[in-house]
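Think of it as A, B and C in the order they're written, each chain with its own count starting at 1.
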């Protein structure tokens, strides 16, 4: 069994994971349904949002330049990084310039993608996660299992034990309000002291040079307000053309992610502290990361991948994700969008199995707020994995095996030769009592299907259905 | 009830695409489907050269092989008659995916025209034939499983229910999490058998708990999956394709 | 660094595919046509549903109500902006009443009094620029007088909103106020006290931002 299958298997067999995820996903699905009760309005909103994102992608190079111009004019420093190594280097350089040994972080999937924490820690810089979910899993050195709720795989007893272990002076409690209050106290100190704060970006508005952030806790505002230096990291695809496009995106993002109508805070940052202002960072840096996105951009079908606004609705509705959680995917972003995005970034040779981890049931595509055709893209990547002439996706063709190719050639041989097909099925019906009881993985948990006594072709002919 | 596509007037003749699964494992469902249509006064033609819609290869990424087989199917149905398909999955393949499969093909126009003529069985019965069923059976509690393709690609879950609700002595029960996939997914069930098993187990539990005496579906792949598991673990219930069930409930002695 | 920029932009411009446009972006969302009473109702119920307090008060008497509330709640102090839009009214209502919380103000940058801000302030009060009825949101453009930290750090944030500044939706607000022309260093929508559902998807209030939000809605 490969590492991947072992990971999946372990998750399937873990009753805690199964229970935690089922409970969490059911809740998120139900809340979303209530929030989007008017299905007609929802469909209009999805179309509008898909249009906004598609148009932004179409104009991406111009919008990036416009964003940069306006940010610079506002006093925000703009950095570009093609690779993760470059991006980490830029953050390190900023930290070193300020002789900063500590970085306090709001939630940022891009920083996970960068492996930023490990990179900085190896160079003597402490990275502190301030988002409660990220804070909890950082205490036990685990990666997030969901892009919106990183500690979704932990129940309160597990969290209580973690707190007690890491903060022995604080009395043990499983009460969620108390746990939250404790975290508030611990992190308040850190916000107060930290020399540099880091955040992600939900939307970067080109028109005004504004970085927009959604959050409920306030840690994002803390990281972007109190420390004297703020670094915002984002993928290049997060640009939006105009402020007027923000309300529909917000209206579709938040309920898709958590079922709320809006998050507690919507934070719009356009410049560092101006003369006369009493607070705010003195320096604001925007780091634009490529890491394969500009290559994905070049494929007219796969470019839809870049519309993603990271809401998590697809994984909330995925019947596979709910049963294994995020970790078995082994990627920064799990679930359906992860299975489409990550193989394109890291290669089908490494992650080609992910697009097959789906029944193509379509639940994901149905809820995607920006109408990414996820089942279609999953199918496309399956093709990319096994095609004979490699395409543009890294690792294209890496999953093609001679045996499989032969099997499908045989299959198409039989099914494109009607007389031969009828002969084979007639044989199967006549020999049906010889059907093996064991048919590989299928019959481990199911009875073996047995051919009928007569095929439909035969019966149709007998009953006069086969000619005009 | 209006559907979500334009439906033609009742035709004099239709083609029937049986699907390879029904051909070999559930031929009675194919016959029942054709009989239901013929009983309404429409001539049904089953071209003998049909084989498979090509979905297994398409979903495995072997597009050339899928295309080869798909092109053969299109050629079996040359006249401008509707093509009725007793499967949301196969209908979905032909209607929703053939246009893409044939994207660069010289015969793309033919493929598009073909796709326009494809109807899943229950939507055809409800919207084109406006069928009215008379239940001649005994009271029965029935669980319906709608395949993901029927639900999301062909959007015919309401049509499935409409037909079952026409049967006066049938009580339709809805298992929990009725919209969740049963875990078949074609090759998925052998490629990722443990995840598939986890899914079919939950589906089977839900059906068991619903108190249904019969399981009915518009897709035989799902039936084979769900019933295969329930039978193996010992709580299998009688199960049929919806066409077989409707024919059984409404068949009069002098029906053919 | 400029290498990355050039490479990325040239890759994006060189092989840009023809993208089919989805819905034309020009189609705008409908702005709900609510009158003032409806807007007040929607705004208040939304905020109350997330444990914010909404106190509807008349323009003349709200400072008294504030004083009463502050005393009842037992705040030791109240951080405010003497030169902000509310400063005068608050000072007038306070007079030199010793039973009321001590009014605190600073004209310095927060670095000079950070410890006090973080650990000694009980409550802070700010004005607001506008409100949004649909989502129950306050709109703040922090100023030199009322910095961002006031609505972030202290455990209680008291906000004052004039009901006539209540827009129906965010889209309406952006359009009418012309936000496309540019925003200040920081602009905020605040839609309740801070919260999280990170543990077992269960809502808990008062994480890093204010534990309480109290809104005086003036009409």
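What we mean here is this: a contact is a pair of C-beta atoms (placed from the backbone, for glycine too) under 8 Å apart; a residue touches a chain by one contact, two chains touch by 3 or more.
Because the structure is predicted, anything quoted here is derived from the model rather than measured.
**Q** If I count C-beta pairs in contact for every pair of chains, which pair wins?
**A** Top of the contact-pair ranking: A-C.
**Q** Quick check for the class: compute each chain's Cα centroid; which one is farthest from the centroid of chain B?
**A** Greatest centre separation from chain B goes to chain C.
**Q** Taking each chain's centre as its mean C-alpha position, how far apart are chain A and chain B in Å?
**A** Spacing between the chain centres: roughly 33 Å.
**Q** From the mean C-alpha coordinate of chain B to that of chain C, what's the distance rounded to whole Å?
**A** 55
**Q** Which bits of chain A are touching chain C when the two form their complex?
**A** It is residues 20, 23-24, 27-28, 45, 47-48, 50-52, 54-55, 57-58, 60-61, 64-65, 74, 79-82, 86, 90, 130-133, 136, 149-152, 154-156, 159, 176-177, 179-181, 183-184, 187-188, 191-192, 207-208, 210, 216-219, 221-222, 225-226, 228, 236, 241-248, 250-251, 258, 261-274, 276-280, 288, 290, 294-295, 297-300, 303, 371 of chain A that touch chain C.
**Q** Once bound in the complex, which stretches of chain C touch chain A?
**A** My answer: residues 1-5, 7-9, 11-13, 15-25, 27-29, 46, 50, 106-111, 114-115, 118, 134-137, 142-144, 147-149, 152-153, 169-171, 174-175, 179-202, 204-210.
**Q** In their shared complex, at which residues does chain A touch chain B?
**A** Listed in rising order, the residues are 5, 8-9, 12, 319-320, 323-324, 356-363, 365-366, 376, 379, 382-388, 399, 404-405, 408-409, 411-412, 414-416, 418, 421-422, 425, 428-429, 440-442, 444-452, 454-461, 463, 465-468.
**Q** Quick check: in the complex, which residue numbers of chain B touch chain A?
**A** Residues in contact with chain A: 13, 16, 18, 20, 22-28, 30-31, 34, 38, 43-52, 54, 56-66, 68-69, 72, 100, 148-149, 151-153, 179-181, 183-186, 188-201, 224-225, 227-229, 231-233, 256.
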